[in-house]
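These are the structures in question, set out in turn.
The two complexes that follow have chain A in common; it is paired with chain B in the first and with chain C in the second.
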Partner chain A sequence: MVATFKRSWRIYGGMAAVVPKLFMAYSIWVWMELFVSIIAVVIFVAFWRAVYASTTTLGGLTLDQTLNYILLAQIFSDAANVSSVIYDFGAGLREGQIIHALLRPLDYQIALYVQNVVQLVINMILRIPLALFIWIVYGLTLPADPVIWGAFACSLLLGHAVLFCFDWILGCTAFYSTEIWGMSVVRYAVAMFFSGALIPLDMMPDWLRVIATILPFSQVVYLPVSLLSGITPVSDMPRIWLIQIGFLIVLFFLSRFIFRRAVRVITVQGG
Partner chain B sequence: MPIIEANRLTKVYKIPEKEPGVAGAIKALFRPRFTSKPAVSDVSFVVEPGEIVGYIGVNGAGKSTTIKMLTGVLVPTSGEVRVIGRDPHRDRVANARDVGVVFGQRSQLWWDLALIESLMMVGRIYEVPEARFKQLIDEFSETLDLKDLLKIPIRNMSLGQKMRAELAATLIHEPKVVYLDEPTIGLDLLVKERIREFIKQVNREKETTVILTTHDLGDIEELCKRVLIIDNGGLIYDGPLATIKDRFGKYREITFETAAEVNGLEVPESADLLEKSERRLVLRFDRTKTSASRVAAAIMSQLEVCDLSLKEPDLSHIVKQIYHGGLKESTLPPVDAIMTPVLSPAGSGR
Partner chain C sequence: MTALPRYGSLYWLFVKNRIKILLEYRVNFLIGATSTIFMQAAGLLAVWVVMNQIPNLDGWSLPEILLIFGLITLAKSINHMFADNLWTLGRDYVRTGTFDRFLVRPVNPLFHLLADRFCHDGIGNFLVGLALVLVAAPQLGIVWDVPAIAYLALMVISGGFIFIALNLITSVSGFWLMDSVPVTRVIFEMHEFAKYPLTIYPRAIGALLTLLIPYGFASFYPASYLLGRNVAPALAWGAPLVAVFLLSIAMGVWRFGLKHYSSTGT
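Our next item is the complex of A and B:
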């Protein structure tokens, strides 16, 4: 058992090396992104302060709670971005790279997942300047309890895995249609809103909140960040994890199934 | 015990049919129509371990489709294939460990990584033991001249360098079977030489079975003792290369444009008349027995020649000759006499 795990670790762990190196990331684009994120944060804070000008609570949250949440959400919303999965698929299909994936003794999905997780960690590290800015300029209320931080990290990873499987399914549709770019644009827009990066789910009308709960995007921003920002109490943790694990199991098997069908399209129709 | 067994492999593609224009697009949406395009029909052959087999045919003959079925990337419409005793499609991962593929126009290496890093990645994926990995890198650096390339990322390499890198990456896990799909396409002679030497060495030292798809006769001549020729989806020849070379490789065609009509022509020795029309004459001669200049001189002594052109036998030409051999009236022996009967799949009696 341990031997197999060690073996898999060596094989798939190697895939992490393929993710762009950290030092390559500190290019002009990273600074531009930082600049843009800072502007976005300033605008968001101003917006919410204006909204709270005429009321003390909204959806059960005070201005401070909301600001804390929004600021943290801005830092961690990267996780909800379009993962490389969709692009890798599209590009891979177009260039026939899928053949190489089929010819390697690797599970393509797991290999890409490992890469995505590493990318997530790198993205988080790259967000540190933004986090520092927010801390200094606006201040953040962060939990002192390490348990909450642990719960947050688990929740983030679980949510990320859920979203990965969801994007995997979307990516498989690339086998059936070439409209991958259009779809990723829609997915990005939908994710921005329903992930809770712009508005905490507590403030949404019930019917909208139901939709947001069903879609996987809220799992990767709202659920973990609401834990961290204190909106959701730690006692709710087990319930949240259960939801996420449930989602993960369903989407995982669904994504495996759909991928198998999609591969059959290639292997039978000869894409 | 054969290492590759192809048994009545058939692949029929279903191509969606769409009428042009908007009306056509809408129709196709509601009532999709398909045409069947047979790419490979009833191909059977057997390869023993350690063989280097050339697999040739004109573009569109069905080569890539066959190779894809052998590698498990494509599912045959009917028939079956076994590689090292496995179904390469069903036992994908196990098959992948024992097999290597080089696609001449596609690279499996990572664009931005230095070659040595790409190779390390491949080594990890295929679980090549570290000591063995180092040994092989040293070996390949020698035979493929990779020493200066190891630190360079693939995107900065020339075509010849890329191909050498590709070969190293494919053979680093010492597969039992290697499929080379157009490995020397677009390469200069020196690189081709080096690559051919490398393949020969690997085959010699490790008994690696090689299936080589190529348009380059030079590759075939250097490497293969046996060739399979596919035309229009069917196998039309499976046998020794020597036989083909003896019968077809030594002929050249020479075409004359004459000033006046051709009458009463005396065909020179060791040449055959292929075509005769008003002011055109096409002869074929055996270049082991005579030469272009002698034939030209013999013709020009009889007629006034305005222009002449010489055609070398290229692969498509030879394939066509073989294909038409049985049908055309010529002094060549009929195709049946040289065709090895395609091995009966059931005949292995296992």
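Our next item is the complex of A and C:
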């Protein structure tokens, strides 16, 4: 038992440790991303201030609530896009590395998941300069209660896992189409709106809010960020976790089932 | 002057070849040409949802904002279709050493770089920009007579050249950095401001977008003029002059970069 755990730890821990190393090679890109994010933040703030010049509340939210939500969403919305699954499948099929991944005596899904969690943590750490900029220039109202922070972290991780399974299923279509680029563009655009990164779900008309609730993207941005920004009260936590765990269970089994089917038709392009 | 027809037919040759390559993978071609539509749709949907619930944004109605948004998108699409290869100068040409190829051919190297890849992804941006302008105009009482169309075309093309000039200036850093994308992206991203009325921003940003990184000339000022709003003639008609001025600076920077180019030897 202990030996198995040690072995798993060594293997999956090793897989996870590769990600930060890869990242350090691109520091100039990190600065660029920071600058680009700051431009987006400045535009968002100006836009919302102009919006609230002609109204006091929108979707039941005041200017301060909306700004607090939008700024926090800017810091955390990357969580909807950290998953590299679709890309890994696409590139893996095109260049053939997926064969090595599948031949290794380990669970490919767990291996990619641990890497994606580390990637999430790194992305969040890299957001610290942006968070500082926002905090100093615009100010943030953050909860003092550590319970809310804990609830936020759990909700973010759960949402991330849900989206990981969702992307896993999307990635499986690469086994049939051998082409993922178009799908990933559409997925990215849909995620941008329906995650709640641009506007909180509270402001959407009913039909859009229903779509946003059914799609998994809001689980990793709107649900956690609305908790942290105070739009959703802590008393709603159990309900939110139940929804997220429900999504996770369904998508997890579905993703494993679909992968087992899809892997049979694997066609590696010239690997 | 005899160079013009020669370069014209040469460019057509490059584009024909590029399209032949693209049509080898028809699905990819279609997805590429429409991909930007999806990305723009997400942002526009958010603006639409919010604007439906308020009377105006700092005195600007939804169709007016769509016009501004459409103009900057049209200008951007010109750069995207015809000059997208500037982004890859450092990464794909200088670092790999393939830039040497341009220098030994009897063609202007900048022309060769631009003609090397017509970017069909820009078509989607063009369609989005055109659709926005066409949807917004009737609601704003803009009549498409000859002067209005000529003005619009002049402003969009000038705006396109403002994009190209700024991207050219920043991409020259690729001769030294081997990858100019981060530098170019930082300046390029400023155009995001010009999707909305410049009046919603702090004054310094309006000044920046007018004087230093003049994307305002590609969207906000021409839109204000078309809408009959109070805008100084120098701002309403400034885009062509700004474009020519920026292009001459860009050509100087390009020649400077070219003179200091040393092959990587790979």
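Simple rule for what comes next: the second predicted complex is superposed on the first by the 253 of 271 C-alpha atoms of A that agree within 3 Å, B and C clash if a C-alpha of one lies under 4 Å from a C-alpha of the other, contacts with A are read in each partner's own complex, and residues count from 1 in each chain.
Just so we're on the same page, contacts are C-beta pairs under 8 Å (C-beta built on N, C-alpha and C of every residue); 3 or more make two chains touch, one makes a residue touch a chain.
If you're wondering where the values come from, they're calculated on a predicted model, not measured in any experiment.
When the two complexes are overlaid on their common chain A, residue A:Thr55 makes contact with chain C while staying clear of chain B. Within the superposed three-chain model, A:Leu142 lies out of touch with both chain B and chain C [touch as defined at top].
Once chain A of one complex is fitted onto chain A of the other, the partner contacts of A:Trp31 are limited to chain C, with no touch recorded for chain B.
Of the two partner chains placed around the shared chain by superposition, chain C is the only one that A:Ala189 touches, whereas chain B remains out of contact.
Of the two partner chains placed by superposition, only chain B is touched by A:Leu102; chain C is not.
Looking at the shared chain after the overlay, A:Leu63 reaches neither chain B nor chain C.
Counting the residues of chain A touched by each of chain B and chain C gives the higher count for C. Residues of chain C touching chain A in their complex: 27-28, 31, 35, 38-39, 41-43, 45-46, 49-50, 52-58, 179, 181-182, 185-186, 189-190, 192-193, 195-196, 200-202, 205.
Within the complex formed with chain A, the chain B residues making contact are 11, 13-14, 39, 65, 68, 71-75, 89, 92-94, 96-97, 99, 101, 103, 106, 108, 110, 112-113, 117, 120-121, 124-127.
Listing the residues of chain A that touch chain B in their complex gives 7, 10-11, 13-15, 17-18, 20, 95-97, 99-100, 102-107, 264, 266-270.
Note for the complex: chain A touches chain C at residues 28-29, 31-32, 35-36, 39-40, 42-43, 46-47, 49-51, 53-55, 58-59, 179, 181-182, 185-186, 188-190, 192-193, 198-199, 203-205, 208.
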